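Labels run A, B, C and D following the written order; every chain starts at residue 1.
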Amino acid sequence: MKYKVREDGNVTIIDLSGKLMGGYDADVFRDLVHELIEKGRKKIVVNLAGIKWINSTGVGILITGYTTLRKNKGDLKLLNVSKKIESILYVTKLNLIFECFDDEHEATGSYTRG
Amino acid sequence: MKYKVREDGNVTIIDLSGKLMGGYDADVFRDLVHELIEKGRKKIVVNLAGIKWINSTGVGILITGYTTLRKNKGDLKLLNVSKKIESILYVTKLNLIFECFDDEHEATGSYTRG
Amino acid sequence: MAEETFVLEFPSSYKWLNMIDLMCTEITAGMDFGRNALNEISISVIEACTNALEHGNKCCPDRSVMVVFRRLEDRIVIEVTDCGEGFDFADYLQHIPDPSDIHKKRGRGIFIMKAMMDTLKYEKVEKGGMKVILKKMTDRGGEEGDE
Amino acid sequence: MAEETFVLEFPSSYKWLNMIDLMCTEITAGMDFGRNALNEISISVIEACTNALEHGNKCCPDRSVMVVFRRLEDRIVIEVTDCGEGFDFADYLQHIPDPSDIHKKRGRGIFIMKAMMDTLKYEKVEKGGMKVILKKMTDRGGEEGDE
């Protein structure tokens, strides 16, 4: 997994790319989320467009990020969820947890509207 | 292997796609060349842009087409030769036989100039 | 058409999972599966291989994971074998934790395989490791004659 | 890093050659090979597998081809084994026909492998078939200590 962090107003966009799975990726993503929370940037959109693939552990990484942010009065929303990721979210019912968007403006806009 | 036949003036362009290798493909390509010769269309450009890959037998198919056309006072030139195909042609010295082009207009133009 | 069998052995590292994915895609191409079903097979194979290399082989690079694909007219059967200690699958399969529990980091792999494939079975192999057997019927194959 | 070994068995049909190509690309990725060398390896593996399934296994779908990839720091070694009758490779290797002969439809595979890899060796396996062993040193590995 690789990532880039961008800002759009008070929303932070994390562009993930490569493979999202257990082990090392989990630590990297957890540290990133903590760092952003410390900076007061708690409105996160995770852009999955560059994710080649993901497994259940990768979804676990996202859900851990989500719970951490929610505890800190922030949120984590998903952008560009592929069919594969969607079906993992669907069978695990995590689709009911994550807000998902296909359009970046809609994703960031959902925070300012909210 | 799949193919489409197009005409540009008196030059015939064969767009090949998929995999070019022995067996069935050899028969299909031989029949196609014979058919074109019978129609009097002997100036051929084989466009390899859509070829996912090729092996030495595939190159053999092209060289057989070439010799058949030359015997009938025609020619067979190659368009969009990938790096992989190029290196097969290179080690077998068949690059000295085939005229290769990266640009379709140049390939067809080479016949009208000649 | 008779059964077509493919065997792959690879070292226990995450970095080869993409290769398994590509292989799975090539093998299942042209079978009577819809796009969703193909995704489900590929996701399940990755989950099975992840468990094998991680829980089974403890990511030890000189232990390999073996994957067998059996491609039949009406179904695909995939067996993934590791050389680990095994686990109490009978017990686990009876008490699979709720995958929608957001406080759990892990523990969704077996649930996903079970939900996405028609059959999920575990066996202990002689040498000690686990073999997980996944099966999915094609659209034509229907649901009949399982187990 | 120690040797990483991959084993693949697949049915004798041309349609699986693309899968071998993908696998070869994944395995050699990240090794110290330039783009040309990677192409040469992939072309050679395809030639070896084509010969194995065609001349060795006579395209019989229930005979399989076995490919072993050994990925080392300084080289890749690839062994392709079939279950055919074998052939007189010693004689053939001494009289490889001219590959630039435009009147020949076929007969360029072995020449290509020999030209593109650092070592090409043939062995007869016990059960009767042929094993061809291909080796290529990485850019760092250099040319030394061969055979």
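Please note the rule applied: contacts are C-beta pairs under 8 Å (C-beta built on N, C-alpha and C of every residue); 3 or more make two chains touch, one makes a residue touch a chain.
It should be emphasised that the depicted structure is a prediction, and the values quoted were computed from it without experimental measurement.
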item	value
Most widely separated chain from chain C, with each centre as the mean of CA atoms	B
Whole-Å gap separating chain B and chain C, where each centre is the average of the chain's CA atoms	44
Separation of mean Cα positions, chain D and chain B [Å, integer]	27
For chain C, residues that touch 2 or more chains besides their own	18
Residue list for chain A, restricted to those that touch at least two other chains	none
Chain pairs that touch, as defined at the top of this document	A-C, B-D, C-D
Contacting residues of chain D [partner chain B, same complex]	14, 17-18, 21, 35-36, 39-40, 42-43, 46-47, 50, 54, 99-100, 102-106, 108-109, 111-112, 115-116
Partner chain C, residues of chain A touching it in the complex	19, 21-23, 26, 52-53, 55-57, 59-61, 63-64, 66-67, 83-84, 87-88, 91-94, 96-97
Residues of chain D defined as touching chain C within the complex	2, 4-11, 13, 16, 18-19, 22-23, 26-27, 61-62, 64
